[in-house]
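First subunit A sits with subunit B, and in the next complex the same chain sits with subunit C.
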Partner chain A sequence: MAHAVSNNAPMTAEELKAEALRIDNYKFAMWLYLASEVVLFSLFIGAYAVMRLNSPEVVKSVHDSLNIWLVTANTFLLLTSSWAMVMGLRQIQRGNVQGLINWFWLVAIMGVIFMIGQYVEYHELALLGITLGFNNDQWQSFGAHFYTPTFFHGLHVFVGVIWCLLVIRNAQRGGYTIRRHVGVEIFGLYWHFVDVVWIILFTLIYLV
Partner chain B sequence: MASISVPLGGVGATTAPRPKLSEYLRWSVDHKIIGVQYIATSLFFFIIGGALAMLIRAELLTPAQDFMVDGAAYNTLFTMHGTIMIFLWIVPVLAGFGNYFVPLMLGAKDMAFPWLNAFAFWLIPPAGLLMLLGWFIGPAEAGWTSYPPLSTHFSPDGQTLWAISLHLLGVASILGGINFIVTIRNMRPEGMKYFQMPLFIWAVLAQSVIVVLATPFLAGALTLLILDRVAGTAFFTPSQGGDVLLWQNIFWFYSHPAVYIMVLPAFGMISEILSVHARKPVFGYRMIALSSMAIALVGFTVWAHHMFTSLQPELRIPFMITSMIIAVPTGIKVFSWLGTIYGGRIRWTSAMLFAMGFISMFVIGGITGVMVASVPVDIHLHDTYFVVSHFHFVLYGGTVFGVYGALYHWWPKITGRMMDENLGKIHFALTYLSFLGTFFPQHLVGMQGMPRRVAEYAPEFQAMNIIISISGFVLGVSTFLILYNMVWSLYRGKIAGSNPWRALTLEWMTTSPPPPYNFVGDPIPFEDPYGYGTEASREYLKAMDERFVAPMLNPALRKRPDAQLPAPNPSAGD
Partner chain C sequence: MADEKNQDLNEIAHNTRPPDQYEVGEADRLEEAVSDNPLDQSLAGIAQITEQAAESPVVQGFDIAVSGLEQSIESLGHAPAHPVEAMADTTHGDVTYLFGYTINQPVYTVVFGVLAILTLIEVLLAEIIQVDWLKIPLLVGIGLGKAALVILFYMHLKDDSRVFAVALILPLLIVVLSIAFLLGVPTTGY
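What follows is the complex of A and B.
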């Protein structure tokens, strides 16, 4: 096991091998974790899709009364945050720790704004009477099928923001170098995943 | 070599450091301690689940409801029995063996993520506690399958605790599964390709793939169930836009692959035990390895055979076909095991007896499995004792026999001491006969129409049920023989030495119990993990003893994992 490799000291072949193994362990584990997340989200998405097929008129009336601009701006924000995350990763790949920190602050802030946007949207929907429970006249079970996947996604954004702040703190303490930054990379995988899930949810729930 | 009850020698047959209890009661990232923690915790829940089974059998001694206060109390019994046995005994005990032996068999120092490993284990005791706490607020009573509306509108608050508890256990499983896959992929020693891995590792790999891809479905299903129970949603209530079949589909989409989670590692254990104790190479190694993966894949396509009576009729035939297809890889395994022991120099050890008991019981369970996979038969047998009998044959006669065999086989490695072989054989005989007496007659009452999950039954079934209950009580008592044997061996058991069975897999190439860092240096795997009976394998064992095990008996070296090894012996390894 290689410990505390400094930025400049050349690595021995042993250390390089151990480090490559460590990176591969973390990345592969993250991919497996994301595979299990895909399964979990596909369940919620499937439940929504069945509801969508069974009661198209309910979804249409929700679309008619929904403010699509807010959620579109939110989507744009989340996609942009993924770009900011990649820029931060590029900085650490060049050895620029401060650059990583700056870009990742942007990621965290955009994540927080996304959650605020989601709160505002929930608030509007609640005022319309769309709740988790069954609504006889108009919304039927749309609320349950809508809030569950979107809230679950919001929860992932929340976890991502906390994780992003931890990455920033770790970077400030000198935890990442040009050679050792697998922690940044696996956060990146997670953040991209949260982004991709949102693209699917946005398309399925708001556009079709 | 008709029968052996003494260790076959090998290096280190004189000393065995006694494990300290305090090491096992606290947080530790050592995979061996975690493995024992898993096994001990699950044995505790095995006893609780077994006690519940005894109560069930006591109630069923007479056709009338005489022992339970009401039907709901009986529902609670079988619900908690099933849930505890599956999620708090079988799944964690297999995870325990996996944790202990996967890194050792790979010649590794630990799992890929030791901290994650410990974290996954420590989710289990609180989850088990939550499950048991249900008794104070009205426990779950909807069966382990927890179908709505029983689990949504007709269950007390304990059902919510039940769901939260399973959620925690599911997270523990997923984290463990990820850890196993990464460990197996990345930490194999040099010279061990995929098709040179011990078959137990193949089985754990296949199981872990299922865990990672199927368990999230359970997590999602439980999330929806909890929302329905506490947040006012109606995912499973048709009158409010929900769908009861949604639960059945997602539950079985998890739970059918989950039965392979519960049996695949036992397949792996059996492959190890049969080959070592028959002193013969595994017959059809590649086929056994690949059939594990085939079972893992096909297992995802058969879930609706649990729903032949509730699903659209036109979907029955496709699921009947996939369900029967899965008998093919399973059959390949059974024939390979028979081929393995055929013509071998069999040592009739307790481990071997249980492994062979496994094959016989699993074949019966497998055949009844094909029977209930057939739509016309299933519609007759659905929800009868035939089904109860079927899954006890595969889960008890299968997995639990496998775990017993594994305990007899690997206990010397875990503790450094042998269990008593005579007591082990008595345990086997009692378990085997009382198991048959308990579960075989259930086929018959089931075919005659006795429904499961009901405290009362028609009087004509009573004679058979008395036989079942009395055998069941014997089966319950026989469990304490192995528990006694395990404790006894810690104090009185013969010292095992590094390799009492003269096995070729890497977990035996270190002292028993292994030191915290497992191996001095990197052990060299033999080219064929089951190449018994060859001159090369005998030389390999001798060389490994000299090069890797003997130096570790030196107390100074035991404490220093980075100590220098003696110069390599040119005859070691391949």
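What follows is the complex of A and C.
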């Protein structure tokens, strides 16, 4: 006969130690993955910074054409989604699974709206002739340096939205409890990292 | 003969004190007490120099640095003993204390408010300031500050193991140094 263990039953010192080690191992693995992402995005950012310093007039003319308020709204969306993410984590840490699901739906929806906003921005830029640079010498350098980091970031948002939906499904199936929710924390690390990258990209590419 | 030697060793062991019982200024008293024996005088001189060196800023600075390093190493690999309870202050609290003020919101919401305000300030500064030498460091500084807030509070690096911070900072440092190196290398024309 299987023993049913209540999720609210107090954990012994041994269990707490084992759980702490398990969580730390998962988190460390995620941080190591994020370290590889740091290298990738740092190279993109470094390449853009060199282009920005070498061709300030090109960047300035693009800034004049850009709809900064659309990008600012998108930035607020990602910041809000990060806040919703930690509020969802807070709910599961209190044992409220439905609260986690509600907040994470907000995260996923804002991620989707962000991608739509990015599509609109790309469309506006394309109408101005700012593309990846085919047959357009003026914007060639800017296009490559602009689209590579922002598209790659958008791709990360897309993966994040899919991951968020999987976390929601897992939560609906009872996969997370007040004591066992490391999956939520791992996804949180990823989503916040995507937010951090956007904070840097927004400042460097759209404002400076 | 052997008994005599053991008795000498016992006497030495009895008279030898641990380092923490050594009194400051003892070298001076030792110098007064020493005989004309050149060996005694040399030992007293060494003790005097050692005392002076221990009080010098260089040695004291080194001592502080070593203590700091020891504390850093001890903090590495620190794991919260109780994972659920460890985050209680930052995740479960409904009140945030900031610069002596009490805010009836969780710390996550307060951080979000700060991030939103900083973003608005960034955008406004970008529209107002036109000179690069002021605009670039100011906006990049605010951007890095925002990123640090997310990493420390939302990614919990403030409370988590320092090893995670090393996993973030080390590759960043290597990339920055590599880019700086590549920028410093003269172009070969290719």
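We take it that the second predicted complex is superposed on the first by the 187 of 208 C-alpha atoms of A that agree within 3 Å, B and C clash if a C-alpha of one lies under 4 Å from a C-alpha of the other, contacts with A are read in each partner's own complex, and residues count from 1 in each chain.
To be clear about the criterion, a residue touches a chain if its C-beta (ideal position, glycine included) is under 8 Å from a C-beta of that chain, and two chains touch if they have at least 3 such contacts.
Quick caveat: nothing in here was measured; it's all calculated off a predicted structure.
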Which of subunit B and subunit C A:24 touches, first, second, both or neither: both
Partner chain in contact with A:55 - subunit B first, subunit C second, else both or neither: first
Subunit C versus subunit B, contacts on subunit A by residue: C
Partner chain in contact with A:44 - subunit B first, subunit C second, else both or neither: first
Partner chain(s) touched by A:119 [first = subunit B, second = subunit C, both, neither]: neither
Which superposed partner A:35 touches (first subunit B, second subunit C, both, neither): both
Which superposed partner A:141 touches (first subunit B, second subunit C, both, neither): first
Partner chain in contact with A:132 - subunit B first, subunit C second, else both or neither: first
Shared subunit A contacts, counted only where both subunit B and subunit C touch the same residue: 21, 24, 28, 32, 35-36, 39, 43, 50
Touch list for subunit B against partner subunit A, complex: 112-113, 174, 177-179, 181-182, 185-186, 212-217, 219-221, 223-224, 227, 231-235, 237, 240-243, 246, 250
Complex interface listing, subunit C residues touching subunit A: 79-84, 87, 91-92, 106, 108-109, 111-112, 115-116, 119, 122-123, 126-127, 132, 135-136, 139-140, 142-144, 146-147, 150-151, 154-155, 160-161, 163-164, 167-168, 170-172, 174-176, 179, 183
Residues of subunit A that touch subunit C when the two form their complex: 16-17, 19-21, 23-24, 27-28, 31-32, 34-36, 38-39, 42-43, 46, 50, 56, 68, 72, 75-76, 79-80, 82-83, 85-87, 89-90, 93-94, 178-179, 188-189, 192-193, 195-196, 199-200, 202-204, 206-208
Complex interface listing, subunit A residues touching subunit B: 21, 24-25, 28-29, 32-33, 35-37, 39-40, 43-44, 47, 50-51, 54-55, 131-134, 140-141, 143-145, 148, 152
